[in-house]
Structure formats: structure tokens, C-alpha cells
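Here the chain labels run A, B, C and D in written order, and each chain numbers its own residues starting at 1.
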Amino acid sequence: MSTSTDQPERHAPDAALGQRAPDLVCELCRLFYDMGWASGTGGGIAIREGATLYMAPSGVEKEKLQASDIFELELDGAIRRAPQDGARLTACAPLFMAAFSHRNAGAVLHSHSLDVVMASALVPPGQPLRLTRLEMMKGLEGVGYFDVHEIPVIDNTALEHQLRDRMERAVIDWPKANAVIVRNHGVYIWGRDASHAKTQAECLDYLCRAKVRLHAAGIDHTANDRSQPDDAD
Amino acid sequence: MSTSTDQPERHAPDAALGQRAPDLVCELCRLFYDMGWASGTGGGIAIREGATLYMAPSGVEKEKLQASDIFELELDGAIRRAPQDGARLTACAPLFMAAFSHRNAGAVLHSHSLDVVMASALVPPGQPLRLTRLEMMKGLEGVGYFDVHEIPVIDNTALEHQLRDRMERAVIDWPKANAVIVRNHGVYIWGRDASHAKTQAECLDYLCRAKVRLHAAGIDHTANDRSQPDDAD
Amino acid sequence: MSTSTDQPERHAPDAALGQRAPDLVCELCRLFYDMGWASGTGGGIAIREGATLYMAPSGVEKEKLQASDIFELELDGAIRRAPQDGARLTACAPLFMAAFSHRNAGAVLHSHSLDVVMASALVPPGQPLRLTRLEMMKGLEGVGYFDVHEIPVIDNTALEHQLRDRMERAVIDWPKANAVIVRNHGVYIWGRDASHAKTQAECLDYLCRAKVRLHAAGIDHTANDRSQPDDAD
Amino acid sequence: MSTSTDQPERHAPDAALGQRAPDLVCELCRLFYDMGWASGTGGGIAIREGATLYMAPSGVEKEKLQASDIFELELDGAIRRAPQDGARLTACAPLFMAAFSHRNAGAVLHSHSLDVVMASALVPPGQPLRLTRLEMMKGLEGVGYFDVHEIPVIDNTALEHQLRDRMERAVIDWPKANAVIVRNHGVYIWGRDASHAKTQAECLDYLCRAKVRLHAAGIDHTANDRSQPDDAD
């Protein structure tokens, strides 16, 4: 693919296409706002490019961000460059760091998706969210249709930074998952780059919506399914 | 941030960016129409800038407003400038005034959001809507995750202006809330400026949607939540 | 308001703004497609301007229409001008005529809205859809919050033109309604001009969605409502 | 209709308008992404033009495709031209071929629509999805309102290409259907050209959404319907 930066904008939300990381943070925030993942001033995204992390400021309307609003951080989380208007770094920063440090993420996304929140409410204390027999699971990194895929769910705290240790433990304890769900709050989900994190979030969102809508409709989607893992025509 | 007026339009729905208040009223009305808060000819917004209030006309399609359609009022509610085509001032004007007069609002928004309407139908007579243990509550001014946040609900009247006294009493009686819900009708919600009112409305809308969808799905989102206010890792 | 035709396009879906009727038919069809009222090749709109009716062709994707695709009819329904490509007139034409002839409609809209279809399924045979105590009713022509507003529901037929007599009878028998719902099919709804027909359709759609969602959630929205028609503060 | 290629873009998603097939694949993928049928990297479309089939690559964000990303295949499925960047052909290719080979399709669409997935979960093993008495059925090729229209449902497999034989048998065994639903996965649906495949998919999606929402709301939409196939006014 081309590395030209004058691609038409709609094709550009992908670091691979040569778009600058701060612009990409802004563009993805607008997309996530449109998806309902970042309304109010919620949600956000952090992108790693080389030895730099790019993150949004705290408490602002995510769909209105411009490149000059974006923070630059060292890989250890230290702020290298802050916007000139006195903005505060997102309170999600320590949580984003868990995925960058322990899982070599290229991008981490935080969403307040109501479908994820409702799915989290269905999960008993101390258990993970379990997914099985939905094709969209195959969009998640390393997951198959017949797997019982588990995503950790942690309880919420009063302040976002207080989640840091819980988040870090979940990231370490669940190496097959690339997401941590925070109950009644939302999800942190990551991928090898911004495009990958976005597709992972789209898949998880779809799967949680399926879980919740099936529950609400009283449908057990495994009841009529006679397929077996070794089926092949 | 820049105060230039030639910012690209999508970044401009914010008085802080130097956009003129009448244009901002129109732009926000289009956004609210897209959100389903102002379909038919419903909903609206009023913005205060200095010693002037800006409000939309009554009974028109809110998504088609232009700056020349917007009324200018004195802070006491007297009309200073009316559009030339004989439009009537929005019937919401006396209700907007309650928040401007008693709560020093910078902008007040009126939405017909169906999620808010359905949430209002769940609230027993004389009680407020109660919200707790949903992260999005933290997007509301001064509210925390473990709070039981209360928003007053008043019954509807045949004509909008007849709501004035009920509205005013609720505004005064519930100083911790920045919204008044009108049962089977919608919500008045305000903030220190247009952007703030918009984010407050987005958060409340999300929370009412959560309330209604959880109710419909038979899910108690507090049942599995073991978190405590003093948790910290 | 200006009658100039060089208004920016997004402000123009209104005959009052001087937009040509065929363009207005196309623009509204695109809007209705976006709303989910005209997917597949369903739905449509007819507009009267002076002594001419403008209608879309049959069986085409409504969101792709261009002005040259639009039929021109005499007020008695005779085709005055057909597109050059051999398109057939919409099968809804005789149904649109009922509202033009008997109710002096300026525009008639036909929607396949799933919310209306689901609401129609709730209505017992021979009865109308009844609406009460929802503020959005006030957006419907001549309807108040405390009214029990009735909209006729007729059963469907194998072919659209076979609905003509049922439609005409309903239009005549229910003079307070400006819509006829066809069970498991959709709705015909009209107004004094295109803008008015559009706002009427938005209100009815909202009200049917409310009816269906309240039913599905097991919520009786009148149970907690203590308001009375003569309330005034 | 014109065969000019400089039609404004929004009117062009139709081979009949002279748009090049690779561009049409990309444009429809963006539309399907917006509809929620191709999130993550799911879904896709294949178009036949003369003796060439056009298909998207595998595992990429469908809404970002450009014409140069599209594969060209012989009618027997052999790859004639592959993109230069080493992309893999969609894993759906053998499934698309079943409709091209056995049903003379002009375009085949694969969607992960959650409404279709949920409807599939309602269907007992070995039975088809059955639809009746919904007007939108008339948008499906050769189907009437009073028909009981059946669409085959096959069980899913671990890998997409393993579905090939099941898919082919269903295509042959159900000649009145122009779609095959894959349980807990999505649907393959086709038409005589890209526009037709798109309208077929829109109708089926609407009908599955109706089925699922009616089920969830506990509404039997046939209970109040007194219409008969030979009704005519």
C-alpha cells in the first residue's frame, strides 16, 4: 500500500497509510463518537508510533479533537509534549499503559459502549465474560467459532486511575484475551496497530450486543446449533 | 484554543471556538435532530452569550434553522430581535428561563429523547429518577459512580408554558441536579455553556437508555457489582 | 424566508424555500431511506405543486432517484409526463390520490417503518391505533396530550392497488386522522406540504416506536402519570 | 439511463450507471459497513461483469477498500489478477461461486447482520426460516404477501471454506430462495446485479429484524390480520 499522505481522508484511518498519529487519534475519536462509544466526554484511544505514545486530553468532547490537542508520551508514560492550552492528560493513561507495557499493543481503545456495559452486568462476580458459537468471534485475534473465549471483567472504582492495579493484573492473568471489561463502565481493548484495535473493538461490541439482545429476547443461540468442530464437507 | 472564526465547521460547535451563538443554535439543532431528540418540530436549545439569550422559533423543523431564524432576548426574557418572517418564539422559552435565572446556565437544551421518556414512565409519582453505579454518571456535573443521583420528574401539562411553575420549583428544589425530566414528554438540561449542556444531555440520554434497556432485559446491573466506594488498588 | 433557489442544499427540503418539486421528491426519498422507511425499493412520496402531482417510479431504489426519474400527473391522476426510460409509475399512486382528493393534501408519504408495522400488529381487528399521553402527539395536526387519538388500521391486500377502496373509506371515515396504517405493511400519511407531511411522519414514527418499545419492556406509561387536562400552574 | 462515468458519486452504486465494477465493490462495502453488516473485517460482496468476477481481499477493513485492492477472477473461480500487496482472496470465494455457478447471480453479498444471526438462532435444526404476511416480503424476488416463504439455514463450520458443500446443496435444494443463511454467522444473498443483490439484502435484513423484534416483544403479527389472499376492493 502507498505511504503517501495525500490519500483521500476517508481511506486514511490507518497508520499503515502514512497518516500522522495525532490526526489518526482525532479521526478515530470522531468515528467512536459516531458509534456511541465516546459520547459525553467519555472514551478515548492511545496510539504508539515508534518510541512515542499519543493520547487525548481529559474531559473534552472527543469528536472535536484536533491534532494540536494530543499529548505525546514516552514509552514509560512520561509526558514529552502537552498541548499549550493547559489540558490535562486523559485519566485513562495508566490503564492504556498496562496494554502497551505487558502486551506490546500498538494501540489501545477505551469505549463506553452500552452493549459492553450491559453484557458486563450479566457476568457473575469473579468470572469472565464467555463467548461461544458466534462467527464474529473469529474477528478477535486467535479465536475460533467453537472456542469458549473468555474476557476478564473487573469491578469499577470511584476514580479511573484507581483501576490501574486491577487492570494490570487482568492483562497479565488473561494472556489469551486482548481486552479487559470494566463492569458498568466499558472496555479497554487493544491491537497491534490502530486499525487492528478498531476491528477488535468492533467485533467485541457486536458480540456483546448479540449477548445482550439474545438474553433480552430469551433466545439461546446454541440450542439449535448442531455443528461440530470437526465438521467439513 | 484559537478564537478564529474560520475553523473548519465540524470542529466549531462550541462558543469557545468563536462561533457566533445563532449559528451554534442551528448547528446543535441539526445534531440533536440526527440524535432523534428533535424530530417532528420538537426539542430546541437556548444559549446565553453575554447579556443576550438566543432561542429558536416555535413549530419549525429544527434541523433546517438558519442564523436569521433565531430570536434574541434580554436576560429577563423580553424579545430584543425577532426574525422578519413573523415566526413565534419557542413555547419552551419560559422553561429555559428557569435555568438561566436560578442556576446561571450558559445554555439549556430541551430534548424529546424517547429513552428519557421511557425512563420517566418508570418513575413512581412524586419521586425522582434515581441513578447509581454507572460510569457515565461521572460525565454529569458533580456526580460520582457510587452516588445515588436524583433527577426530578414533573408531570406534563396540556400546554408547554403551563409547565413553568412546576419547572421553576423543581429547579429550585433539586439544586444538585442540572436537569428536569417532564414525564412522557422529555427533558430540560443545562450547563455552563453550549458544549457543556450538550455533553450533559449525551450522558443523561445514555443513562436513561441504560435504565430502560436494563429494565426491558430484566437485568439488575447492581447485582453482580462487588465494588465499594473506598476501593483503591 | 427567502425564495432564492441557491440556498445551500441541506436547508432546502421544503417547497417554501423554492426548491423544485422533483428535486424535493428525490431529496426526501434519500432522507426516508436513511431513516429506514424506504429500504429495498419500498416507500415513497408524492408532492402536489399547483395543478401537478409529482411521484416516484415503481420498484427502484428510492435513495438513488434523480429529478428526471419523477412522474408528473394531473390532479385527477392522469400521467402528464413519464420518464424516458420506460419506468412504471409507483403502485402507490391510487393510494396517494385518496389523500389528495379527499383531504386536500399537499404531500403524501408512504413508509415501511418497522416501528409502525409492529405497532399495527398490536391493534385488534376493526379497531384503530390509539395514542394518549405522549407529548409527541402534539406534533400531529390538531392533537393534544390528553386526547385519545385514533388512527385507522386497514388490513393488507396481495397487491397495492387493491388497497384503494379500503384506503379511501378510511380516509373519509376518520377525518381527524391524517394517516392510514396498513397492517404488517406500513403507513400513508399526509400534510399541507412536503415539510408538514415529513414532520407528521416523524411524529407518528416516534409514537409507534414508543408504543412498541413500551409494550416490549412491559411498561404502562400512563400508570404513574397523575397529570390532568386542566392542570395549570 | 446514461452510461457516463461522471455521474455524481452518490447516484452511482449500480453497474447499470456505468460505474466500474471494482469501484462498485468498494462503494457497496462502505455502505454495508455503515449498515452494520461488515464491521470488524467481516462481510463482503462479489460482482460479475461479463466474464469476470470481482471480489474483495480477506481480513481487511471492508469500508476502506480501494479499487486497486479488488481481485479479478475467471468465471470458474481462477484468479486472473491479484492486488500487488500480497493480499489473500476472501475466504468467501467458494461460497460466492455457488450462486454464480448454479443460479446465474450477477452479484452475491455476504453479511454478518446481527438481525439475521438472531433470526437464525430461532430456527429448529433442519428447518428453513419461514416468513409470511409482511409486506416487505414482496421486495424479495418472486415472493408475495400471503406466501410462506422459506429460506434455507445451514449450520456453521470452523472455517469458511468448509461451508462450500453445504452451501452448494442448499443453493440447489431451495430454488425459490435467493439466499442461504448460515446459523450464528450471517447470510449469503444474491441478485441479477449489484443493485438487485443490495435490495434483496435490505429486504431480508428488515424481515429478520421484524422476526426477532416481534419475538422479543411477544407479538404474533398474524394474530390480528384478517386479510385473505383473494381480497380485492
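Basically, a residue touches a chain if its C-beta (ideal position, glycine included) is under 8 Å from a C-beta of that chain, and two chains touch if they have at least 3 such contacts.
None of the values given here were measured: they were computed from a predicted structure.
Engineer: Hey, what chains does chain B share as contacts with chain C?
Structural biologist: Both chain B and chain C are touched by no common chain, going by the contact rule given at the top.
Engineer: On a CA-centroid basis, which chain has its centre farthest from chain A's?
Structural biologist: C
Engineer: Where the centres are mean C-alpha positions, what is the separation of chain A from chain C, in Å?
Structural biologist: For chain A versus chain C, the centre distance works out to 41 Å.
Engineer: So what's the Cα centroid distance for chain A and chain B, whole Å?
Structural biologist: 29
Engineer: Enumerate the residues of chain B that touch no fewer than two other chains.
Structural biologist: Correct list: 216.
Engineer: Sort the chain contact graph into one of these: line, ring, star, complete or other.
Structural biologist: ring
Engineer: For this structure, give each pair of chains that are touching.
Structural biologist: Chain pairs that touch: A-B, A-D, B-C, C-D.
Engineer: Show which residues of chain D lie in contact with chain A when the two form their complex.
Structural biologist: Residue list for chain D touching chain A: 36, 39-42, 61, 64, 66, 85, 112, 114, 117-118, 121-125, 155-159, 162-166, 182-186, 212, 215-216.
Engineer: Touching chain B in the complex: which residues of chain C?
Structural biologist: Checking each residue of chain C against chain B gives 1, 10-11, 13-14, 133-136, 139, 144-146, 195, 198-200, 202-203, 205-206, 209-210, 213-214, 216-221, 223-227, 229-233.
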